[in-house]
Structures are given as C-alpha cells and as structure tokens.
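The same chain A turns up in both complexes below, where it pairs with chain B and then with chain C.
Right after this comes the complex of A and B.
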C-alpha cells in the first residue's frame, strides 16, 4: 500500500517561493540548473510541483482523457493539414479509388480521398483523428458530469467550471467544423442543417446566411472559412482555455472525496513525483493506444462511401457526430410550427430546438453554480466533494437533465432505432414528444427518492452498524440480528457533510421599525431554499450515536466503537474502508 | 459479414443465377415434360396452370381474377406485369401469410416453374414490365468510370431510403427500406421497374437498363470491397457515436479504474 501523501495547506495568495539566496549548494552545482535557478527559482517551484497531490480515484482521470485526446487531435490534425486542400473548386477525380473515378467533386473531397487512399498511413491518421474527436467531446462530457454530481464546481472553483462550459461548447464547434471539412455527402448535409439553423433566426436569418456562406448555400467560401476556424481560430481558443483550466486547477488544487484525514485544508493523494507521474504518464500512453487501436480496427466516416456533397442527394442515416445528436433529435421530433408575420417567416420548428435548445443547455450549465449557491446561501469554500446522495436535489436535477438530453439524443437516431429494433418511426416520434417532458420529471422524483433512501441507510449504518446476517436466538425465544459495528473511519465518512439550514425570509424592518437596506432574502429565494433542504435525512447527532450504543445493553455488539488500530480519525494513515 | 457477402457476389454465383434465370424464362419445358412424347405446354396451357395456382395461393387476397380485394388491402394485379410477380414471389414476399404492414421477405416455397406460370398468368391480365433478360441486368464488363456513375445514380435515387451503401433505412409508419446486401442483380432490376410497396417505380425512360447495370455493378463492388476496419453496421454516425462511448470511454474508464487501484511499491 502506498502511503498517501498529505500536502499541507498553504496560503494560496501571493506566497511566492522564497527568493533564493545563492546557497553554497546552488553555486556548487554551477551547472545549467544552477544558472537557471539563480534567475527563475525552478528547483523550488519544481520541488513543490513534484509534491503536488493527486487523489486516487478513477473519476479524476476523465478530464485527463479529454486532455490527452486533445493532444492526439493536435498531432494528427497537423498531419492532415499537410495534404488537405480547403477548396471548393470543382475537379474530376482521378485518384486510385476506382468507384469514384471520373466523378466531379470539390478539391476538398478529392484531397480527403487522396489522404485516405494515396497517402501512406493517411487513412489511419484520419480515423484516429476522428475517433479522438469523438472521445475528446465524450470525455469532456463525462468529466463535466463528475464535477457536477460531486459539487466540485462550488466556491472557489466556479470560474473553472465556466471555463469548462466554454471548452465543451467550443469543442462542439471545433468538431462540427472538422466534420464539415471533407465536403462529403454527410458534411454537406450537416452544413445544410446549420444553414437552416442560421436562417431560422428571426428577421436577420437570411442576411446571416449570406454573411456566413458568402452568398447562397453552399457557395464557394464556406470550406476555406471553416478550415481557418478549425485549424487556427478554435484550436487557439481551446489551447488558451485548456491552459487557463490547468492553471486554475494547480492554483486551487484538487478536490478530494470525504474520508478520514481529508480536510478542507489539505489534499490526500499520491504525490505527482514519482507515483502520479508514472500513473498519468502511463495513462497517457493507454489513451493514445486505445485511440490508435480504434483508428486501426474500427471504420469511421468512410467518406468514399458517402460520395462528394451534392445538394440533390441525401442518404438514410444522415446524422451528425454524436455530440450534435441532441439538436438533431429535437429538430426531428418538434411539430412543424411556423408563423408568418408580414413578409417574414418565423420558423419555430427550427429555431426553438436548434438555437433555443443549445442556448438553454449552455446557459443553464454556466449559471448552475451561481443558482445553487444563491438558493442554499452557501458562501463557504469547498475542497471536499459531496457524495451525490448528500445533495439529493442537485443529483436529481442532474439525472433529469441527462434524461432529457438522452431522450433528445435517441430521437436524433430515430430512424436507426426504427430499423434496428423493428419499431415504427411515427410511434417513436409521438413517444419522444411526450417523453422529453415527462421523462425528466420521473427521473427527478426517482433519483431523489434513491438519494434519500441511501441517506437513510447511511444513518442506519452509523446508528446500528452493518447487518451481519447472523440471526441470534434469545433465551426468551425471540430472534435478533446481530449488527456489526462499522469502523470509526466509515462513521466519519458517512457523517462529515454539513447540513445547511434553509434560508429564512428577511424581515423588511429591523426591531426599531426602520426599513432595512442592503441584502435581503426574498420570499422566492426562501421558498426555493426550503424546497432544497426539504426531506433530507438528518445525519445522526453525537447524542443519538451515543444513545444508539446504549439502547440495548444486552446487544453488546451493537455499539459503534473505534475499530482496533484505527486510532484518531484525522491521523491520515488509514484510508477509509468505504471505497 | 463481408466475406459472406463477397462470396454471395462471387462470379460463380452470378453464373448460377444466369442459369436459374434461363431456366425460369426459357425452359419449363425440360423439367415439366418427363417424357419426350409429351408435347411442351403451350403458353395457353401455362397460363391456365398459372390461373389454377393463383386461385389456390393468391385469390384469397387478390381476387379470383387478380382484381384486388379491398377487404384484404391487396391491390389489383392488372398491369403489374410478370416482373412484379416474379420479384414478389422469388423474394418470398408473396403469398403474404397475413396482411401485415409490409410483407416480410422469407424463403420462397414455389418452384421456378410455378412462379413462371403465375407470372405469365398475371401478365396476361394486362401489360406490365416483363421479367428481364440476363443481359439487362448482368453487370459485368463495365469500365470503372461507368461503375462510378452508377454509384452516383444510386446515391441520387436510392440512398435516401436504402442508405448510402444499401444498409437499409426507416420509412414512416413502421415501413422499412430493406438492406440490399443480399439483393441479386435481377432483384434490383425488377424492384426498380415494379416499385414494390413504398418504393417508387423507376421506369426505363427515367433510368435505362445501361444505368441499372452500372448501379448493380456499383453495389456489387462496394459490397465486395474491404472496409477500413469493422464497418460497425455501415449505418453512419449513430453507430460510430455508440461505439465511441462503449469502446472508447467505457474501455478507458476501466483502464482508469485499474491504474488508480494500482498501488505504488516502495
């Protein structure tokens, strides 16, 4: 067992590494390190950096998957730029893929075919690039869910949450731009879809279309423009945001799951050097390896089968990559609502699901930390994560959101569902129209109930220990089940969370009848706060635990007592037994 | 999957088909006449035999004279032509077991002669597309450019329902455009000329036989070519997204669990 390293609290602000007085050792080690060290105190920065603690939990690696796949994207993307021609000029195909011989197509598509069939390793790199793009967005999504459900977005990490929301939304743009570049049938169909979205913006839609496409769709400009967006603009923004994200991560330090020895003021985990370096480095190679294997073994985006974009063609199974699927789904199931006002057409059927839904998702995500803090009135810093059951409303809200997203997502593949599972397309549509509203409500109620049951079970465990499954016959003939006491460490983990009281409506006047000024708690806020706190199972008080130990003197094994050898709760040594 | 398909599209398979087709169109004669002394059935005799078979197997839905019975939802067969009957029966769609939304393709229990007889009978009810000759659908001997044009025609006319490589697709009201991986050249020709179910008719004037052959050749070759790794069903981005989550994220999470569990040895 590794010894978890406890990195001690340090005042984050301003405490610069001590200015190095040229020590004897430093001067003696007059090598290049010493030279640099005299100017920039690398060794003390490194010493601290190397001892940075990383909590050991798999869910902390989801963000790393995103980071590593981004690196893969940069590397493979540079390879692709060497041969890709971002031009919509028409050429006749003369490359080595026989089934396209002589077909007119854009230079962009022809160069994608040549990368696939004539450039050595080109197809492999294209497939790796595309799988990495899928994994990049997927890993960001999964990482975000982890952060959400554990409450890691709370103070002081709201800014990093916002950066994360930015990364996710811009990641979608990047992926979409890349998907459009090869100018194959699906690219063009996707662009046509976006063209529709742009045009559905009330009043200015048509102008916006001409602005984006440099004239009517498809025009000659959109691929060169998207190319610039895809390889320069957005990667640049992504890189900047990723750097800011990592910098804030280092500054705030990692959060950690609750447990003995885990405090708001420390981080329990493996030190960066050597253990975590090995683990993270190893994981980098694993991510790389898995992505390459996927690129080598699983076909993705076979553009030579789709053919060049031709506005007269559309194929069954025209879908965007998965991360745009929820918008596609919303568009597929919305009724055909349009209004005509004077000479303008208001295409609600496209505007609401397209622009509206994406706006709703990302605005909602961005605002959530602030809304929650406003409701709970929680102004404290949090470095210990919530166990999702201890924030039942948040958890239920998250699951409801996932349900809505998932249902929209499934609707985006309604035709595939229909053929693969022998269902009727119309029946799926009708079902989904209802389910996207009802499903999240059901998911909310069910999840909240599950959370509260889990809380109740935790309370039981703390008060009465874990059930041993051994039935004991008492002298008077009755039966009781022996309960094994849980360890002190577990008891700590189960009871460490704080229970914030609901906010009260502030009095409008103080005790002298003078109207209060300054911040007040409104009726709405108090009501929301009460709702948020309502129903939670109170954790046992110290008194209750003590009482539970006594209430049946004849059941000696009922009491909660420190397990042998655990000693003090906060002595960091023993890891909690609850993983 | 791939290797099976390619075997199905093996040259020998094609020859075999041509042989079968010849048998159907030209030669009930050889099989039906057990003795040389019995004269070959005249067309009239074949039609009469077809009418008998029709009365037994088809009339319950299509009416005794092929006029169609609204109560069964079965259309009139006047003018559908021999090709429609040949297609519907060879692919096992007709006779329908019970009027479902869409006749499922199943193995056909009829002999080629019986099908030929019924076809001839139905053709006698009114003019319609005839069963094509092999040289109308045999895709061999086309240049790569011609085959590529066939691909373009397929994407323009068929992919909206049958998907870009003929993996099939969904249509409204529980109907489906079936996958074309197993479709024989003659099936494709007949389906285009007769427009089964929801499928439109692609008549000779719209897509001449030459182009039909190119499309058949394209489908043959595209199904025979290797895919760049597992084809994941050839369904497009939905299955790709599914596998990205299952294999990619799923697999990496398992690795993440393993690597965080792993303790450092000191």
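Right after this comes the complex of A and C.
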C-alpha cells in the first residue's frame, strides 16, 4: 500500500499534528482525489456514477453531436472574438486582400477580412465555426426527431423536451445573430429581412423595429447589439439550458429500446467508466476532427467574394443559412395579403409566414407531449422507447410535419428550382401554395399505412416466423414456403410494447382515474382517443402464439434449420432452451 | 407506491429471455485483439507527428501561398493547418473508439431505475417542513407581508422594463415623418449613377435601359448615415417606349419621354430589386420574387409584395439632366402599422 505522502515516518506518532483519520479507501486513492475528497465528497458521487449504464444505439449519438458542436462553437467563437471588431463605423480597408483595398466598409467587415487573410489559422477557425453552427442546428433537429418518433418525450421527460424546444429555438437566434456579424452583403440582406419581419408585427411592429435597430435600418447599433446577443446573452442561456438538459438526463436515466432484458424498471447499457467515457469522448474528437477537416477542405461563407454590405445591392439566389430556409420559403409563397383598418396596415403577408410560422412550429412542438398524453389518457412513466411503427398516428403526424417543413424549405429555393429544372417560377409558387397543405395529408395517410403494415409484418413474424425462401414439398404434392422460427429474443422485442385502450366517455372518472371536466370535452377527447387507437394491429396473445406453433408443426416446417440465438419458441410459447 | 404500479400492467405474450450476450471477434481470437491494440497505438503515435507538422506549417507556409488541386485554387496554409489538426484530432477520436469497441470488456451493466416521482413520504415530509417554516415566518397571521412583498417585486419589473425605453427613438408621428417616411430626395435633387456618381442626361438613355441611381446629395454622407439614407433613396431609372406603357393621367408629368424613376427598395421586406425584363417591363425582386410592372406605375403583378413600387416624379433641368420634381409621394420600403396604405397607387387608378 502506498504511504500517505503527508506522513513523515521519522516523526514519532505522538508528535504528529492531529488530523482526521483518512479512510482506508481514501488513503489508497490517488493523493489529489484524497485531498478533494476531504473537502467535497467526490467519492460518494463516483461510487454511484462511475458505473452508470448508458444504452447504446446509433440514434442516441445525434444529441451528442449537438452537444459537441456546441462545445466546438464555444472554443472557436472565443478565438474569433480576439480579433473581431463589432463596429459599424466606416473605415477604408488597408489589409492584404488586394481586391478591396481602399474600399470603405464597416470595421466589422474589415476585421472579418483580417481574420480571413491576415491572422494565421483565422480562416480555418472561421470556417470551422460556421460549419459547426450548421451542424449544431442540424444535429439538434435530428435529435429532436429521434426523440419524437420514439416517444422519448413522454412522462417523465416532458420537461426535458421543453428544454430541447427552447434550445432549438434559441439555437436559430444564435446562428442568425452570428451570420449577421461579418456585415457582408449576405448578412446585411439577412438583417434587412429581419427588419421587415419585425416591422410586420401588428401594433408594435414599428416600435420593435426602432428599438431593435436603435432607429432606422441599418443605423449603427445593430451589429454591436447582435454581438452582445451572440457571444454573451444567448450562449449564456444555451449553456444554462444544456446543463439543465444533461442534469435531467442523468436523473431520469436514458431510455432504451425494447429488447430482451430491457425493462421499464432497469436501464441496460455500457458502464460510464470506462466504455461510455471512451466512446463518447472519442466521438467528441471525431466530430471535432470532422469539423476541422470541413473547415480545411470546404469553403463556407467567403465574405470577401460578396463584399461589404450595400443597401442598394443584392446577389441573385441569395439564401440564408439552411435552418432559416423554411421561413424564407413561407415568405415567398404566401399571397400578398394586407389588411387596412382605419389608419393602420396589417402586413399578414410577412407576419404570418415569418413570426406566425415560427411561433406555430415551436408552440406546436412544445405542446405535443401534453396533447398526446391528453388524447391517450396515458399517465404512466415510460422508459422503454416506442418503435415508431407501434405509434402509427404519432409517426404519421411527425412525417406530415416533416413534409410541411420540407415543402416550405424547398419553396425557399423556388428561383433555384425554376432555373435548374426550367420550370416557371409562378407555377412552382402556385403549386407550393397547395402542396404545403395537401402534401402533409398525403404523407400522413401513407405513413400510417406503412406503419400498420409493418405492425402486421411483426405479428406475422411472431406467429409464423420469418420466411426462409425455401420451398418445401408437402406429402400431397403441393408446395409451401418453409418458415424459420425467430428467436425468443426477437419475439419478445416485437411484442414488448403496451397497447393502450382508447378512453371512454364517462361522466365522472374513467378507468385511468382521469377527472372529467365537462361532457363536451370528454366526448371530444374520447373521439380523439378512439381515433388514436383505431386500426392498430393487435400484437399476438400468448394463446395465439401457442396455436400458431401447433399449426406450424402440422406443416412440418420445423425441418428448416433453426435460428441461432437464445433458443427458439416451442408451441407453448415458452423458450425451448434457456441458458 | 412502487414503480411497478405506476406503469401500465405489462402484458408480455412472450417471456423475457433476459440479456443476450454477443461474442466479439477480438475476444475469441487473440491475434485480432493484438491487432486492435497495435492499431490504437499507431493512431496515438500519429497525433504528435501531426501536431508537429501543424506547427511547422504555421511558421513555414506563408499566409498568402496558394495550392492548385483539380483546378481549384486553395489557400495552402488553411488547407495544411486544417488537415494536420483535423487528422490529429480525428486520430485521437478513432483510437478511443477503437479501444472501447475492441479492447475494453463489452459486458453491459444493468442498473435499476427508480421512478422519477418524489416518494409519498418525501412529499409529506416536505409539506410538513414547509408548514413549520410558514408558521415560523408569521405569514399565516400577518398575511399582508406576503402580498406586499409579491406586489413590490412585481412592480419592480416596471422600472426594469422602463430602463429599456431608450433602446431607440420612439417612432411617434413626428419621428416617423423624419425617418421612415422621408428620403433625401427633394425637389431639384440631381439623379446620379449609383456607381460613377455622374449626373444622368435624359438624352443619353436608350429605350430598354435601366440605371441604378442615387440622389447626388447621398455622397456627401458617410458611415451609418450614408447606409441609412441609401437604404431608402436607391432608385431605378428606366427608359421605355412611351407607346408601350400606360401612364395614368395623374402621373403624366412625372416622366420624361418614357423615362420613369422608381424606388429600388422592395415594398415587401425591403430588398433592393434588381432583375429587369426589358420586354415585359417587369422588375423582379431576387429575394422573394415579387414582380412589379414598371410600364404600369409599378403595380404588383406577382409575389408576396402588397404595394406598388413608389414612383419618383422626375423632370429635367435646363441642360437636360434628370432631376427630381419632388421627394417620393408615399413612403418607400415595407408597409408599417401606423399608416394605412390602402390609397397607394393600385392597378386601375388614374
């Protein structure tokens, strides 16, 4: 055993200064851990935390990408602040980019050029920062879709869903603020757009515009203000929300997909130390490495090609960063509605697709978990994820939403679509006006059909096994396809989900103990609930599985090579062999 | 209440066979394990090599050096710094993952879950503690302190918000008249070319031509003042065949032989409009494709913009140079709440 370093063996026991006796374990631990442990009980945390289980699935990496790109943004962002000057004061460019020497521009733009051309590694960091920003929003979006489609937002994780919606919405603000900082032609055009967007808000629009810009567009305050928003206010909020998100994740523990050994009451996965730490840490470096390579190899936002902001200029085909594309599209395809009341004008043509659509998206996302729980009457905790097919209506709704989003997003490139495919711009616009309403409905119906047929296939697999592709000749001369029984593990996975019964209309309380408020509501709710449960393919019962097993024996398709794994099902539905 | 009862009664037609363990090649085959080990070490050795290369590139490659690869000219320093740093970081990541997947034991751990809800005892105890505290505070007998405090805290939001009132000038009627309702165009302003700042002579413009223009006074301004003025004063001057356009009676004297001037600022959200179609006299905004008919007083023919492009009344001076007859008669740029734009020019007006 290592000697405690603080003890001098030469000094006799009695003369040593008095101190608290360290525990055997603490003495054995490294000196510094011992030192900290005497003051803060890290061992108590480590005792419980080091071997925490983290379930593994590729889709759980999406949230990690979001987290890691956020860290990369913090690191590269701090680097950029060393040289960036958030000022709209006019200077004459004297840097090393010859094509712009002598041109008047804002200090913000001049310093962005200097980061790109005069600071060694500056361009690399700028490009990493911008690529990481694109990935950050993309990863958050994909992560949110994963959570949605697997039902991970259900009780007790609704609060974390809300935090996630907050993160995504302010992530957009953060990205937009950053995009505006360099004060190049594109970013100025984006700001002009925001100016119009803010102005369109009924009643307070002009006031909000004057307050945001410190007067008229563009003025000289908006970039310093956005800088404050971009490097202090929003990162601070994001950091707080990310921390809360992680804390809740640790408290609730990660969900896991259905599978053998996975229960509502346990969590199965790799231990935090060492496997998950190595995997997650390694993945951080992979994400970081990939963004650095993107910064090295793929040009992004070459502001020197656009030039400084000029309110009389715009480049054709100018596009915002991808995550603002859906708003851009909605703004493009809306009819030119304006209402005049007394001495006022209401610019619906900007307000609805801009502020309105974003509000609708984020409000809808925030409310969804509560709406679904209200419809199903589901009050239970859920730690096992849904396979998307087992929640056909939710999945269909999600795909419908993605379709609407995608169509709006495509509309944001209607001019590009028109030139690339030689179509009429007007025709595309009119088509999109209809498509954003019809497309989601079609997507809903098709997705729901697909989900139900996948459910049916699951049922078939459990009852009759997987088709082996082998034709077997029956004694009577006919042919049947032999079915290979599936493993018990798979059969369990396919039947692990719960099937909630639809709510019934009742005057007082229903079987879930839900208090009824009014008859009207409860009828509506029951109808929604019935619709929600309608059409789903019931999973096989133990009896059905048993019967199907006998049937299979009659057809003698057990001759086919048995499946490997934890043992196959016998006719009784019990495992034939367990080990 | 146990966790089990908070779940729906679980119905499992197939019994749970329990965790399945899978075998890994590197566990079974000693050689594969050794190989994985060597690979991890190889990756980790690459890291310092790449890091040193990064430093060498930083000091040795000039910042303006370029490289041409597949016809693309790349900035050599950016490329090499990024490749060395990127590959080094990637190597760390791949080494870690490889170690975790191939060498570390892959047994899964099973942890129990406890319901997220606070246990009933905790709730009861918390309520009891709260009652004791509430009693100690004296609030139950002297209720006014509570409401007074809540009211006081609430009302302090007002001074906090009021502090923001100076974020910008207030767009009162007067302020709006001097800002968003006004451009620097006035009677007699010379119309000059946006790029070379030369005055435009009516005789020099040919039919079908479009010129981006500004008032001459603009170029006396600088910095934010210049940008703010330019964001409203930008002008489009076009010459069209007078026989092919419709000029309403009220605007007969706003033009010079088919030379008309319009605001370049889109009435949708304010982009500078730029795409000119000579044949149709249509002007298309590149931002959201609103299209205006310059041969018909700038009315909207397509897209999300709701108001016609404001037209600037123009004439010529004694030497044939184009000048403004007056400022714009309506505000340029996007509509805003405080002004009813119903009576702005529309298709069919005269």
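Note that in this section the second predicted complex is superposed on the first by the 506 of 579 C-alpha atoms of A that agree within 3 Å, B and C clash if a C-alpha of one lies under 4 Å from a C-alpha of the other, contacts with A are read in each partner's own complex, and residues count from 1 in each chain.
Here is the rule we go by: contacts are C-beta pairs under 8 Å (C-beta built on N, C-alpha and C of every residue); 3 or more make two chains touch, one makes a residue touch a chain.
For clarity, every value in this text was computed on a predicted model and none was experimentally measured.
> For A:419, decide between first (touching chain B), second (touching chain C), both and neither.
In the superposition, A:419 touches chain B alone.
> Taking the superposition on A as described, I'd like to know which of chain B and chain C A:63 touches: first, second, both or neither.
neither
> Using the superposition on chain A described above, determine whether A:134 touches chain B (first), chain C (second), both, or neither.
first
> After lining up the shared chain so the two structures overlap, which partner does A:350 touch, if you call chain B first and chain C second: first, second, both or neither?
second
> Going by the contact rule stated at the top, is it chain B or chain C that touches a larger number of residues on chain A?
So, of the two partners, C touches more residues of chain A.
> Is A:398 in contact with chain B, with chain C, with both, or with neither (first, second, both, neither)?
neither
> Looking at A:321, would you say it contacts chain B, chain C, both, or neither? Reply first, second, both or neither.
Only chain B; A:321 stays clear of chain C.
> Counting only touches as set out at the top, which of chain B and chain C does A:302 meet: first, second, both, neither?
First partner only.
> With the two structures laid over each other on chain A, which partner does A:388 touch: chain B (first), chain C (second), both, or neither?
After superposing on A, A:388 lies clear of both chain B and chain C.
> Touching chain B and also chain C: which chain A residues?
123, 127, 270, 274-275, 278-279, 282-283, 286-287, 290, 295-297, 310, 312-318, 414-415, 425-426
> Of all residues in chain B, which touch chain A in the complex?
Contacts found on chain B: 144-145, 147-149, 151-152, 155-156, 159-165, 167-174, 176-177, 218, 221-222, 225, 227-232, 234-245, 247-249, 251-253, 255-257, 259-260, 262-264, 266.
> Name, in rising order, each residue of chain A that touches chain B in their complex.
Chain A reaches chain B through residues 1-3, 56-62, 65, 93, 98-103, 116, 123, 127, 131, 134-135, 138-139, 142, 185-186, 270, 274-275, 278-279, 282-283, 286-287, 290-291, 294-302, 305-307, 310, 312-323, 325, 412-416, 418-419, 423-427.
> Taking the touch rule as given, give the residues of chain C at its contact with chain A in the complex, in rising order.
Per the stated touch rule, the residues are 3-4, 6-8, 10-20, 58, 63-64, 75, 77-83, 85-101, 104-106, 108-113, 115-117, 164, 167-171, 175-176, 179-180, 194, 212, 214, 222-224, 226-228, 230-231, 234, 264, 268-272, 274-275, 286-290, 300, 302-307, 333-342.
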